[in-house]
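Should a chain be cited, it is by its letter among A, B, C and D, assigned in written order, with residues numbered from 1 in that chain.
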Amino acid sequence: MKLYEFQGKGLFARYHIPTPKGKMAENVNQALDIIKNSKLPVVVKAQVLTGGRGKAGGVKLVRSLDEANEVVNSIFGLDIKGYKVKKVLIEEGLEIKKEIYLSFLMNRNSEKITLITSGEGGMEIETVAKEKPEAILKVDIDPLLGIKSYHITSVFDHLHISDRELQKQFTDIIKKMYKMVTELYLNLVEINPLVIIKGNRILALDSKVIIDDNGVGFIKDFDAFKNYDDLTPEEITAKENGLSFVKLNGNIGCIVNGAGLAMATMDMIKHFGGEPANFLDVGGSSNPEKVINAIKIIRKDKNVKVILFNIFGGITRCDDIANGIKKAVEILDIKLPLVIRLTGTNEKEGVDILRSLGLETTTSMQKAVKKAVSLIGE
Amino acid sequence: MKLYEFQGKGLFARYHIPTPKGKMAENVNQALDIIKNSKLPVVVKAQVLTGGRGKAGGVKLVRSLDEANEVVNSIFGLDIKGYKVKKVLIEEGLEIKKEIYLSFLMNRNSEKITLITSGEGGMEIETVAKEKPEAILKVDIDPLLGIKSYHITSVFDHLHISDRELQKQFTDIIKKMYKMVTELYLNLVEINPLVIIKGNRILALDSKVIIDDNGVGFIKDFDAFKNYDDLTPEEITAKENGLSFVKLNGNIGCIVNGAGLAMATMDMIKHFGGEPANFLDVGGSSNPEKVINAIKIIRKDKNVKVILFNIFGGITRCDDIANGIKKAVEILDIKLPLVIRLTGTNEKEGVDILRSLGLETTTSMQKAVKKAVSLIGE
Amino acid sequence: MAILLNKNTRVIVQGITGRDGSFHTRMMKAYGTNIVGGVTPGKGGETIEGIKVYNTINELKNKHEVDASVIFVPPKFSVDAIWEAVEANIKLIVIITEGVPVNDMLKIKNYIKGKNITIIGPNCPGLITPNEAKIGIMPGNIFKKGNIGVISRSGTLTYEVVYSLTNAGYGQSTVIGVGGDPIIGSRFIDLLQHFKNDDETEAVVLIGEIGGSDEAIATEYIKKEFNKPVVAFIAGKTAPKGKRMGHAGAIVSGAEETAQAKIEFLRKNKIPVAELPQEIPEILKNTL
Amino acid sequence: MAILLNKNTRVIVQGITGRDGSFHTRMMKAYGTNIVGGVTPGKGGETIEGIKVYNTINELKNKHEVDASVIFVPPKFSVDAIWEAVEANIKLIVIITEGVPVNDMLKIKNYIKGKNITIIGPNCPGLITPNEAKIGIMPGNIFKKGNIGVISRSGTLTYEVVYSLTNAGYGQSTVIGVGGDPIIGSRFIDLLQHFKNDDETEAVVLIGEIGGSDEAIATEYIKKEFNKPVVAFIAGKTAPKGKRMGHAGAIVSGAEETAQAKIEFLRKNKIPVAELPQEIPEILKNTL
């Protein structure tokens, strides 16, 4: 789960990682009030769950009250990669001497916690990796051992930081970020840029924090910073009902058990000339409720013209799914045609249940997909 | 370094491990005052850095004020295995339902942190090991992983603790003890007995804590519970001067570099019919001061009739030792004969220095030891 | 011979008293798996599906020899369950549980290095050696003894492929679902090494998906060291970038993590890739 | 061949800029040890005894191949220095430092299991293969090339014994001081396994002391599996119980940890034990 910049900085504050002074505003008037009561210049920063807001005009300096109105209005009017700006963070303007990139991530490839740093702060790390790879230092940290002094020494060497006082502040920030990563189950914590300002103080000017979806259940006060703002309302409903759902642009709704099979189903629809309307995994151990919720979510999308079930029973039992469909048919007024592929654990029981409702099934995925595509053609 | 019961309980309090209510007294009057102001019965417990105080009469119940005077006086008058009682702990008397033995130790053999528990609380664990070994459960804990729920489950199984509320308290105590072990560099933390009292509360009735000598430098507020009460004044002086010294009962003082060689020197003195007066290791990287301090400490022992140096230079340089002896001879009025064995790193330089003082040396350990023994005979 | 699992493998079930644990214990037993005991803390002494339950693995090990454990414990308790199996030095640990935190898996993976312990999963369907034994939740009836090894990042997609293989007459030596999480106990490359040394396996089917680089790493390995035919399928050609597709590990975070990039890289290295899962038997026929 | 160390072994010195580090770097170089670099954080770029200093091992490893490291770092920084060497996967790590906390050594020992890393020490004099190389602080001049392996818990007592051996004409294959702490990287049994496979070693001298049970464990191993003559010496017959005799590990905490008990157990298992260190050559003569 991605956090907003201001949420990430809230966590930084909790871990005593220094950030600029700043305040949140949720509308133009609030923002102008804050600016009026601030020492200028200030920076107004759009809060959106995507990168590239700088280029999109989402971060602007306000040097005088005259400028404030225009800047604030322009930012609240933005739509950045599909995300409307609903909140801005207003921070003190700072005199920056040096910008650094610093992050920790759970590294799938090395299977370590990897510290990444570069002296090219402010640039996207992917860009630096492409254009100036030697500027990047990666330090793999064994999570059994944690971060040690020699890891930090190599960071100083790479960044040419030799001032003792700076080293002390930097060490402190690095250790606290590492602590955050382990205690809050983070997939990523990124400060870009981490800045050295006048007076040799180090501050986190930005924050990017991604929490491991599997970890959120283990964080004590997770609700304090939970947000679903990068999900559509349907995706939120799905999540709350234990379903994996991603909206796509086609017209064949899919209900599949298993993520891999769900993707293969989408791919096959495309292969046979159709367009999938969604990814939906009803998961293992399905109870009938899940099927009902899945149908509810899918038919909210008015593009959907047919619902395709692709069930291969393993931990999911075919009779559970069939019972779900049965209940759904009973409760909901389903107008869309249902194409059902059902095979695997308790297949016979499931087929019998559906047959009693007059619903046909097939054991072949290809047949089902072709049929769904052909129904669109009609 | 061993801690007193009351010091160990001070640490328990810091880690929120429950103990009985109690107060310290350093003399008879203090003790009687405390008892007067306490709800009876109370238990008066001698504070000494050795085991077996119970058998020696160092732990007594006071049921009425009439008994108090006699009990307190008798305990303050005790000498337990050479330790005079200078402090007592006065604790509330409790109604005990069950006594348990529980400890964690750094295990040299398994190279793990080992939890040891037994339902035979109150008995010395060595005795239980001999008489009823099946009553003891040992659980090896990998210090990289720490204590886990299944370790604790096996403790409950062994002790037949199935009450949920008791399990909760017990789990809490076990986890806190483990935390103490790792944070305070303990070689041992033992609670014997850990008691379940009326109302199903669990309390640590006693404490035994040994801190790793190598760890004390890493504990932040170590000074708060430092004590040298199990050392003689000479041993304390030695420790403060970076020397390893143990007093023995013979008359040949030994100054040796290296613990193994020092022991072998003692053994050889005995082998040739003499009696060593001490173990003394001047350590590596010796500076001259160490030699002077070593001589000062040894000659405080009036039994000592001769001082034997046995130096085999490695990290210790012979010239450093020789310079130390030279300074000592210059500063101190040494009446005792010196027998000097000197060989190894910078041997020639060392021998030259001593020769200039008119001191003879040998390169043979046996010759030196025999000479020292023969000097006693004269 | 097959790999990792046969009918003699002595298996225990952690979380045997739960709904899934008990159901699949019955299914595994019915398939022929040699289940010697179960573990659920606090339920020691009970009997589930004829299998004795213990409070801890150590207690169980006083009574039984153990070669493998399968973990059905819910996420909250799963991490300790995995450590318990690791500390008990069980050589094959299969984690069915979905929802194990990534940083715990990182610790576990780093800990077992050099310890000769194989972990499969988490978030996986388990593995099966047809006609011998299965560990996990795969539906036994679709498998057939034979000479094709299957390694897959997906559960149900595996069944789909195996169903086609079996229908086309291709039996399987061992089929393993490695799990859909970003950090998994055994990656493609680890299992290919097993299949390389297995006489019974004549060819391997790899079922990959978007996210991560396990397919690319496997491709490099196959090119250099693997001496048997491999056929691949990669799911997720229609998956949008940056969106998690069900599996925690199925998310495209770089251009090389798309299905298209993986397919290209495989084909560039002469490993055939099926367009549809059901085409795999046909491609195998041309390869063997 | 000797064990663990020869003249080609590429050695680095951690803590090379300190008083002991620099002095012994000079001594090791003079003896013939192939020292390729030194590490002291913050001193990178300096040169000590002709050896280049780096801030970190990783930086050093960009320039040099490394087989072994010797650590002279003071206690406060020694733990991180050891971890640095372990994480850099250096195969032989010799810790001279006295004062490494026991619980850190426990973690380190558990971590290196299965990783093919040998640690000697802490609180040890190091090791030497005469006429080839030495790592640590032993005075090179007393050693002589030959066929006796020596393993010892004590530093100076080792020199004493070696001095007698050399004077009696018995050269040494490799001499190792394992260190005086309760938890050490290599115990007697670990090194006996090396000597067993070393063609150059014809007999082994074991120098033990009070405390712990490494001598007893070694005795069992020698009885069962070791095929070369062993002569032992145990220091501390006159040591009182419960008092630490210098070494953190030299403390009697049970009846089986006394010198007498160890000597008895060795003799019971037909391993000769010298009364005085200087008697060892004579006993060897009767054994070989």
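Note that in this section a contact is a pair of C-beta atoms (placed from the backbone, for glycine too) under 8 Å apart; a residue touches a chain by one contact, two chains touch by 3 or more.
Treat the numbers as computed from the prediction; the structure is a model and nothing was measured.
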Practice task
Consider the two chain pairs C-D and B-D; indicate the one with the greater count of contacting C-beta pairs.
Solution key: B-D
Exercise for the section: Would you identify the chain whose Cα-based centre sits farthest away from the centre of chain A? Expected result: B
Fill in the blank from the handout: Whole-Å distance, C-alpha centre of chain B to that of chain D, is 27
Handout entry: Distance between the centres, which are taken as Cα means, of chain B and chain A, whole angstrom
Key = 57
Problem - Between chain D and chain C, distance of the C-alpha-averaged centres to the nearest whole Å - result: 45
Practice task
Determine the centre-to-centre distance between chain A and chain D, using the mean Cα coordinates as centres, and give it in whole Å.
Solution key: 53
Exercise for the section: Mark out which residues of chain A touch at least two other chains, giving numbers and ranges. Expected result: 142, 144
Problem - Touching two or more other chains - residue numbers and ranges from chain C - result: 111
Fill in the blank from the handout: In their shared complex, chain D is touched by residues of chain C numbered 113-116
Completion exercise
Note: in the complex, chain C contacts chain B through residues 41-42, 44, 55-59, 77, 80-81, 83-84, 87, 111
Problem - Residue numbers on chain A that touch chain D, as the complex places them - result: 142, 144-145, 148-150, 153-154, 156-157
Fill in the blank from the handout: Listed in rising order, the residues of chain A that touch chain C in the complex are 106, 108-109, 111-113, 126, 142-144, 181-182, 185, 187, 212-215, 217-218, 244, 246, 248, 256-264, 266-271, 276, 279, 281, 284-285, 312-316, 343-345, 365-366
Fill in the blank from the handout: chain C contacts chain A in the complex at 19-20, 24, 75-76, 96, 98-103, 106-107, 109-111, 125, 137-139, 142, 152-160, 163, 180-183, 207, 209-210, 212-213, 233, 235-240, 243-250, 254, 259, 275-278
